[in-house]
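You will see subunit A twice below: alongside subunit B first, and alongside subunit C after that.
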Partner chain A sequence: MSGGLTGWLRGRVGLIAAVLLLVVVAAMAVAPWIFTPLDPLATDTSQVLQPPAWGHPFGTDQTGRDVFTRVVYGASYSLGVGVGATAAALVVGIIVGTLAGLAPRVIDSVAMRGVEILLAFPEFLIALFAIAVLGPGPVNVATAVGVAAVPAYIRVARAETLVVRRSGYVEAARGLGVHPLRVAVAHIVPNTLRPLGVIATIGIGTTIVAAAGLSFLGLGPQDPTPEWGLLLSGGRNLLGQAWWVAFFPGVLITLTVVSATVVGRRLRRAGEGRA
Partner chain B sequence: MVLRRILARVAGMLVVVWGAATAAFLVLKLVPGDPVDVMLGVSAQASPELKQSIRAELGLDQPLVVQYLSYLSRLVRGDFGTSYQLRLPVTEVIGQQLGYTLQLAAASLAIALVIALVGAVLVHGRAARGVFSVLELLAISSPPFWIGLVLLSVFAFGLGWFPVAGADGIQSLILPALTIALPVAGILGQVLRTGLEDAEEQPFVTSARARGAGPARLVLRHTLRHAAIPALTLAGYIVGSLLGGAVVVESVFARPGLGRVALSAITNRDLPVVMGIIVFTAIVFVLVNLLVDLAYRAIDPRIHTPTTAIRGAR
Partner chain C sequence: MIENREVVRISGLTVRFGQTVVVDSVSLSVAAGECLAIVGESGSGKTLTARALLGLLPDGASVAVDELVIDGVDARRYSQRDWRRIRGARVGLVSQDALVSLDPLRRVGAEVAEVIEIHGARGSGERMPRAGIVDTVTGMLARVAVPEPAERARQYPHELSGGLRQRALIASALAGEPGVLIADEPTTALDVTVQAQVLDLLAGLRRDGLGIVVISHDLAVVSGLADRVAVMKDGRIVEEGVTDEVLSRPQHPYTQMLLAAAPRLGDGPFADRVAARRRSPSIEITPGGLDTAAGGLLDQRESTPLLHATGLGRDFRRPDGSLRSAVDDVSLVVHAGASIGVVGESGSGKTTLARLLLAFDDPNRGSVSLDGVEWSGVPERRRRSRRGDIQLISQDPLGSFDPRYTVARIVAEGLRGDARRTSPGDRAARIRQLLDSVGLDASLEGRRPHELSGGQRQRVAIARALASEPRILVCDEPVSALDVSIQATIIDLLNALRRDLGVALVFVSHDLAVVAQLCDEVVVMKDGRVVESGATDRVFRHPEHPFTRALVAAVPRMP
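Now for the complex of A and B:
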């Protein structure tokens, strides 16, 4: 505990950087025009494949569009899918997980066998199978990555429910004759939220990568939509002449995901410390 | 007893494959759109009579139960149906491309194991471990397709050490394999390192040291064995990463393989191929789980069940 402020800062440089970066990306998603005066779709034939410079910090692509502007505008889709699909998956996971935890043993164990099988696969593979069923498209990509994220939340929600249902206050509420549904909603669910929040924070990152991967494969939004995965796949064919078109969108995806993971891990450690 | 155990195990494996096949069948039957339209292509102007005759030929006019039963009985005989697009048996489509993906997966796994082991066993000291854990975090968080593009742009386009695309010999295998291997190595490395740190605090380490085991012997004979158990539980996940990685990486490096087949089947709604790949994946997972269980027993003698103890006694 020596050094006061500097000592406090030293242990938290990574965390502070991560939070700052997430704030910046969120700002890009909400108000991209703050960051760049340019139009993400505007082509400029006099500025084709320009390397990074002052006017175009991330360079330009084969039609003269500013890569920085496209990356900034891409944040809204990626972050929207990341947060939206994670939130939806969290809600479904809580409902199914809580019900499984409260259900008779037979139903619970059958449901959990299914969840375990799904959890053996990486989310990306499940999302890919979901796209095989749903068909390609930007909305279906969001749905697919959401579906892929659900099993993990079910497992945690169920495990927490099993712990909480035996606690004194749930017993007390039952004893007072509170309706089972009200017990679940008012007493059980709120107490399962902290561990779920931790994995959901990390999950936002996983979801962003999975969605960008599906878009990269051409299964999501189509050109000229500025989407991070799509920007990368557009840059694939230009790698020989213009590395920057594919490089910078990837840097931003990686930084966003690393930040979400750092924040999530920190939350987990804080939660463990308190428990 | 042993026979019954083996039979139960095989039955369990068959149930999982059957479940995957059934789920694939049911879900894909719900897919909107007429498979006959997919076969003929969007532009084709086929008469309703022609479409009807194709439908009858494929058995698509039969009731769902009949379709399901004939699908299962064909699966049992190893007939996965015919690709709508390529007009080839699905087994042939998968068989032709399997080799490329197996090569890629094997090379990726080997590279990932080497990196993870080096990182976990040889890296000592607080600072070095800190740096390594940051690298692991980066490897896990980076999208695999981006890692692939960076490797391509530096080592293929920039330095010209490797070919830019294709699957022609070991040269063309290294970059794609490295792309899949890095995230896998990141996860494996984290688990192995935590396992090793955990093992170092165990009493058996003190006793091994007291018996005069040197650091190399300690790691090889004792702590690594301990750390391998949590790493093995990741085997299914890693195989999934290898397969999922193959889809992306084969596309980045323009390599042939199962991933390309899967992608084109998904984009073109070639349902028999999609179903074939799902069933194939289920079979792979079941076999991997079997191997993992056997490996557990080999690594940790405490996991011997009564039956294996009896078998061992004979």
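Now for the complex of A and C:
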């Protein structure tokens, strides 16, 4: 069966790499100390702007902090914001979308027109607007990014609800005299989750980029905090002399987002195959 | 003599998927002007055999064949490219669902013209001038008896009726002038009167010298068309011979079983069996059941019908804004323990009527009462507790199950009242008892719907309906998606439920034979109205309304 194994591996290399990378990033976020013994905030004026070397694989920045360590510790912020904001957007999206899908047509129409207005603006603009209202800060960045992501989830949740609502099993439950609330909780919501889970996986990547973007503009966590967007923006002015300060955080943002997208698309294809 | 020229000769055809043999050394031949029917149930390999004649086997199938001659050419070593050259030109395909097979964005004429453009006039490979193609297309549509062919050619598939679509599909299959036509369940999606016309058309083509291979699950459908029948089971041909011989003196037990299982109008083994069952005294009456022989109950039933629909009407808006009455002025009385068949062609309003009776939909006119109490037009919360009294058995049980649920959970959802609130142990016992009553093994409890066979799914659906101890089952084409042998067992089961539990049946079906076996009374619908009703025997033996007469006459009969 070794032929079968190589055959199975072929075409899945990208997926396996993506999953591995996400696992590593998740481990960095949860337990950064196993990757690096150094302190992300410790400055060392004797080691300013050192290029990548054995002791500092990603080099050091202008205050002599180890870039690798800062990137590792930054994972928790970026992933935290990405996962947290996506989860919050998902929950709100499911509740609002399901209610809209089940509501009388007038209410549904009003809600959907509102969602369409939100969708008409670029997500990032909405996030910026939310920050302008809430003020800068790490929690507000997560909130802003989540708010920006919600309309898309509402739409999908509503569309799935409309499909499931017309399904034979919802009619069957109704025919058995099951209470509508129970039908919604026991049949409708669980059966809309699969496609939502898939787009949420892809959404994590988008959210990380959006959060890093806000931080890059200085609207998120402030300087000593190691956050990928902030690291990128800090290294921006040094690109000519010390490319590594901005390069490695940038690479990690890119790889994480691409991996999340690869896994998400794979899940989607698997879901379509099943349907 | 051209009549004896063989147009298909295949021997030792074996198709495998991995280790599984799905077609096992099948050999058959068809002469010009001859029709061979391949009959079998789902999974018998009949469709794969037909596909092999077109080089259209799915990916992953490995094929071995000793001889494969199609319209004079040896196609054993054909590449996909070679197959494309002869498909349409030497062998044509007519599939089951014309609406799916025809490109919805292309006019019917273009569909037929494409074949001519690819293969040239009369399959010669020579290009044809534009005007010539139009004439040929019109001629082709006329040949398959499409009325006003020039106009029809400019229409889109959705503008044509099912029968016309099937004709257009046959026209496109014939446009390249093939010597052989493969028809895979060509009439299964059609109404019985339309089916009769399409079968006539195929018979005419056969007389003109075309070789036809028709694939069907229905022996009665092919009995009038086919010269010879090959019965397939588990990938093998178990019996082959002249149609009359096979049908009147089946040799193989499987053929005998198929014939016995097929419901038919008039007399036959199935009718005898059902009649015997009806005559047998009801000895297994369980609490809540009704003894149909008890005079006192009869009187009571006369006074308050279980389900009473009066003057029902339901309108739907057409895309252009005008109203169409799907159901118009329909009245129906269902007494406890009765069995009423509702027959009609597609679009006659049968399903809309069923939905109105179930109060899944409210009528625009008229009303329904259940057990003497208002049932239609009342708020859902007042209906909810009574819904268990009237249950639906649908054509598509799989669609009626939450895909995440196990069999046990599906059935449990039907429990109501005390049965729902009881201890988990008692509930599990009740579920096992329900599964047992529909002939399902308790070991299936943990399965999910997609892991069950079609017959098992329908049994689970019935078990769930029974869980709420209904007094009426509304069955909407409950057996039309099932193989005949499975059909017979489900019909037996419904009959037994009616006899033993006194459950009334409203049985909606396009299949007159099934209704004849199961129902005491029948209602014939056409265009939303009831055109005839009465005792089943009387209506089917001596139909009064011309439409009923046409319907009864169109039912395919075995010789």
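Just so we're on the same page, the second predicted complex is superposed on the first by the 272 of 275 C-alpha atoms of A that agree within 3 Å, B and C clash if a C-alpha of one lies under 4 Å from a C-alpha of the other, contacts with A are read in each partner's own complex, and residues count from 1 in each chain.
Here, contacts are C-beta pairs under 8 Å (C-beta built on N, C-alpha and C of every residue); 3 or more make two chains touch, one makes a residue touch a chain.
Keep in mind that what you see is a predicted model, and the values were worked out from it rather than measured.
On subunit A, do subunit B and subunit C fit together or clash when superposed?
By the criteria stated at the top, subunit C and subunit B fit after superposition, with no clash.
Mind telling me which of the two, subunit B or subunit C, contacts the most residues of subunit A?
Larger number of subunit A residues touched: B.
For A:G203, using the defined touch cut-off, is the partner it touches subunit B, subunit C, both, or neither? Pick first, second, both or neither.
neither
Go through the superposed model and pick first if A:G168 touches only subunit B, second if only subunit C, both, or neither.
second
Go through the superposed model and pick first if A:H187 touches only subunit B, second if only subunit C, both, or neither.
Touch partner of A:H187: subunit C, not subunit B.
Can A:P226 be said to touch subunit B (first), subunit C (second), both, or neither?
In the superposition, A:P226 touches no partner, neither subunit B nor subunit C.
State whether A:P40 touches subunit B only (first), subunit C only (second), both chains, or neither.
Neither subunit B nor subunit C is touched by A:P40.
Touch check for A:L176: first (subunit B), second (subunit C), both, or neither?
A:L176: touches subunit C, not subunit B.
Measuring by CA atoms in the overlay, how small does the subunit B-subunit C distance get, in Å?
In the combined three-chain model, subunit B comes within 8 Å of subunit C at the C-alpha level.
Across the complex, what residues on subunit A touch subunit C?
167-169, 171-180, 186-187, 190-191
Inside the complex, what are the residues of subunit C that reach subunit A?
358, 360, 380, 383-388, 391-392, 394, 396, 398-404, 413-414, 416, 464, 468
Which stretch or stretches of subunit A touch subunit B in the complex?
Residue list for subunit A touching subunit B: 117, 120-122, 124-125, 128-129, 131-133, 135-136, 205, 209, 212-213, 216-219, 229, 232-233, 235-236, 239-240, 243, 246-247, 249-250, 253-254, 257-258, 261-262.
Could you please specify the touching residues of subunit B with respect to subunit A in the complex?
Against subunit A, the touching part of subunit B is residues 16, 19, 27-28, 30-33, 137-138, 140-146, 149-150, 152-153, 157-158, 164, 236-237, 240-241, 243-244, 247-248, 251-252, 262-263, 265-267, 269, 274, 278, 281, 285, 289.
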